[in-house]
Amino acid sequence: MSSQPKEARVSAEPNEQSAASPVATHVPAPADRAGAREVRTVAPTVAIQDLHAYYGDQHAVRGVSLTYAANEVTAMIGPSGCGKSTLVRCINRMHEEIVGARAEGTVTIDDADLYDNDVDPVSVRRTIGMVFQKPNPFPTMSIFDNVAAGLRLTGRRGDVKDRVETSLRGAGLWDEVKDRLARPGMGLSGGQQQRLCIARTIAVEPDVIIMDEPCSALDPVATLRIEELIDELKRDYTIIIVTHNMQQAARVADKTAFMLTGELVEFTDTRTIFTNPSDTRTEEYVTGKFG
Amino acid sequence: MTTIAPVASRRRRTDRAMRGVLLVCTLLALVPLVFVVYYLLEQGLGALSWSFFTSDPSGRFLGDPGGVRSAIIGTVLIVGLASLLAVPLGIGIALYLVEYGKASRFAHVVRYFVDVMTGVPSIVFGLFIYIVLVLSGIGGNFAGWKGSIALALLMLPVVSRSAEVVLTLVPDSLRESALALGSPRWRVVAKVVLPTAMPGLVTGSLLAIARGAGETAPLLFTAFAVNSTTWNLGNQMNSLPIQIFNDVRQAQSNIVERAWGAALTLVLMILALTLLARLIQRRSRIA
Amino acid sequence: MEAATIQHGGRPDTGRPPPSRLPDRLLRWGLTGIAAGVLVLIGYFFIRLYLESRPVFSAYGIIDFVLTDAWIPSKDRFGALPLIVGTLITSGIALLIGVPVAVASALYVTELAPVRIRQPLIILVELLAAVPSVVYGLWGVFVLIPKLKPAEQWVSDSFSFLPFVGGTVAGPNYFIAGLILAIMILPIVAAISREVMATVPVEQKEAALALGATRWEMIRMAVLPYSRAGISGAAMLGLGRAIGETIAATLVIGNAPQIADSIFGQGYTLAAVIANEFGEAAATPTHRAALIAAGLVLFVLTLVINFVARYFVNRSQRAMTRSVPTGMAG
């Protein structure tokens, strides 16, 4: 089921490095991929241990443990309300920003515990960037200022210009916007806005990027560009992507986790989960028996 | 190996300092409330007595200055008539805007001017009624009902604005289902829209009445003020705000004491209306 | 309704008369009439105020009336400059003190306060608006003026190098009036600011937080820029209130038709002069006309300010309903 979209993707992407590029890391061979890229920056491993998350009395995530491997793309799939978004929002401690929400358990990035008492959630979010479902550039800021927004928080001055360019190039947006950096970010198309948000996220040099259904508000062409970008980004980052679109998970992810009613049902190679799942619930979900 | 770099202490300090500033400002905003209430109770409670409520101002500067009976009765009557005028008209305007005008250009203009009317100073309303009704000599000179009209003008936009908000909250599905049954629009308004919105309309109106009750300026040269009690809105009429206004400007301590007592009475009346409004609002939310 | 006489699905005509359309029309046009009445009323206000104040305008000319520093009713001379200046000074002080406090408290309530105390805080701030103007005046005269005078004198002496500061502090003065006006405009400025801030999309705030912003940085990055127009509108509405506020100002500004050289000097405002002098003026046509002219200036001033304020508030409300364009090619 995943091979067809794959073909479309390759043809839409003529400048992609050829399939000959060798697999030069500990990254396991991706599920269905013409060629994995090499790791440019070694990103950290993120491990979740017995995580519980609540909204008031509602128990949204029920004791999930899993490890996101470094420089890999891990997809979180499952029907809506299964807790996948809540889970990833616990990783960068955004979950606790919601009124009445709390989380218990351990999340480590390499060996540092993110829920340690003396860890400031603000610094966690600096290390773990996030891209949201709806493109959310700051409406009052220009394209340039949007990308520089995070940089300015830490008071970097000198290299802001270079970093903005690097980030926009990294997000594959530079050529489209380099002549109108002073124009408002809201003037871009939806897909461009989302890539602007990705540029804004990578500008602060996080180690991990969480993407919460980053393409759900975009059309197929824009979606494809983001997916290409994700493939590119994993050379530098560990990437966690929440998606309700199984084809997308199959296209971009090395590993896939399937969640149901707050619990982790299955977590394995993307290819395995879509071709030979060990749990019948996974099988039923990926074959579209329920949604 | 990733380590989580702590937030720069400068940023953390700024964050903490600004949170502190915002909290302090919030408390600062409440300081006047505490002090006003404190002094109202301290100075006003002593003035309250049976005779305070049952005697008219004596008009004497020496000796017993008398109570505020005429002022209380005047306020109740003037505000009562003002409410009778402002509440139906205000709700009428809101009904027009929500049920008929909707997004039409005329409705926009009306909405805009109702908004603008909320910003017109109360003394200008008083001045206007003075010119139109007092200067022209219609129905005599100063009169309670003229004060009522001035107050009604002031309350009208407040009623209308809050009623519009409440009426917009009535779900369209309710209207449509009634219309689909073949009811004419007026019946839908009377039998579905108004009853559904009633608690909210009452709340908004009570709050507008509470606001009107405390107004002094529109009454200054419309209802004027006399010391003796009258039940006739065609006469000049005393009211609590005017009584306080006049008493403040007398330096005698017993008259000033009456001002504090009258102020406490007025604030309690307004508070009662406000509380009643909030109670009804809460009821409607539960329902 | 048109279909009322048509037979539906073979249902026999019951012979019931069609529902009358008359009540509907009556309601529609009645309500339209009431609404139109508001417009007529405001126009009528303006015309009547203008006609009644014409004796003064024809004697002095509008420009001279507004720009002459001489309000001497006993000599039948009416130049409204000291009143206008007094109005602007006191309103300016009110904005300077009231708006920052109101906006800060709105930020605290919407972004920082624990959820449980939000509603109580809102109700307490709203209660400030429930206190009548005349009660603030009473409190100002007998509490604020005597209690603050030593502090004012100290400021006046210590900071006399600043412009508009120095000299002997008068009991009732511009500053006291401005302070009371600040308290009185606080609830409305805070309420509108809260409304505007509450509409800042969660996505904007989360975007800032996810970048590693602290709470305050999130407020600066997402909340304040987004609600700037609305807050300006709120401040303008506050200004309109402060300018028109009558009774409290009358009681604490000193009612001296002069332009004091210090903020601790006595002055007068447009609204105060009307409230204060109307009793005596009713019998003298020019004096009365001058007061009505003062009312007209006040009316026009507040109208203009409110128009501008509504423009800002409406614009920010429109910005709120505009959503991020989605589904377009990247």
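For reference, chains read A, B and C in written order, and residue numbers begin at 1 within each chain.
Simple rule for what comes next: a contact is a pair of C-beta atoms (placed from the backbone, for glycine too) under 8 Å apart; a residue touches a chain by one contact, two chains touch by 3 or more.
Note that the coordinates shown come from a computational prediction; the quantities given were computed from them, not determined experimentally.
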Chain nearest the global centroid, as defined over all protein CA atoms shown: C
Most widely separated chain from subunit C, with each centre as the mean of CA atoms: A
Mean-CA-position distance for subunit B and subunit A (Å): 54
Distance from subunit C to subunit A - Cα centre to Cα centre, in angstrom: 48
Distance between chain centroids, defined by C-alpha means - subunit B, subunit C (Å): 15
Residues within subunit B bordering two or more other chains: 7, 11-12
Subunit A, residues touching no fewer than two other chains: 122-123, 126, 153
Residue numbers of subunit C (touch at least two other chains): 212, 214, 217
In the complex, subunit A residues that touch subunit C: 92, 94, 97, 99-100, 122-123, 125-126, 129-130, 132, 134-141, 149-150, 153, 186, 189-195, 197, 200-201, 204, 217-219, 221-222, 225-226
Residues of subunit C that touch subunit A when the two form their complex: 115, 201, 203-204, 206-214, 217, 221-222, 225-226, 228, 319, 324-330
Contact set on subunit B toward subunit A in their complex: 1-8, 10-12
Subunit C to subunit B touching residues, read off their complex: 1, 4, 19-21, 23-24, 26-28, 30-32, 34-36, 38-39, 41-42, 45, 48-49, 52, 100-102, 104-105, 107-109, 112-113, 121, 124-125, 127-139, 141-143, 183, 186, 190, 212, 214-217, 219, 237, 240-241, 243-247, 251, 271, 274-275, 278-279, 282, 291-292, 295, 298-299, 302-303, 305-307, 309-310
Interfacial residue positions of subunit A with respect to subunit B in the complex: 44, 109-112, 114, 119-120, 122-124, 126-127, 153-155, 207
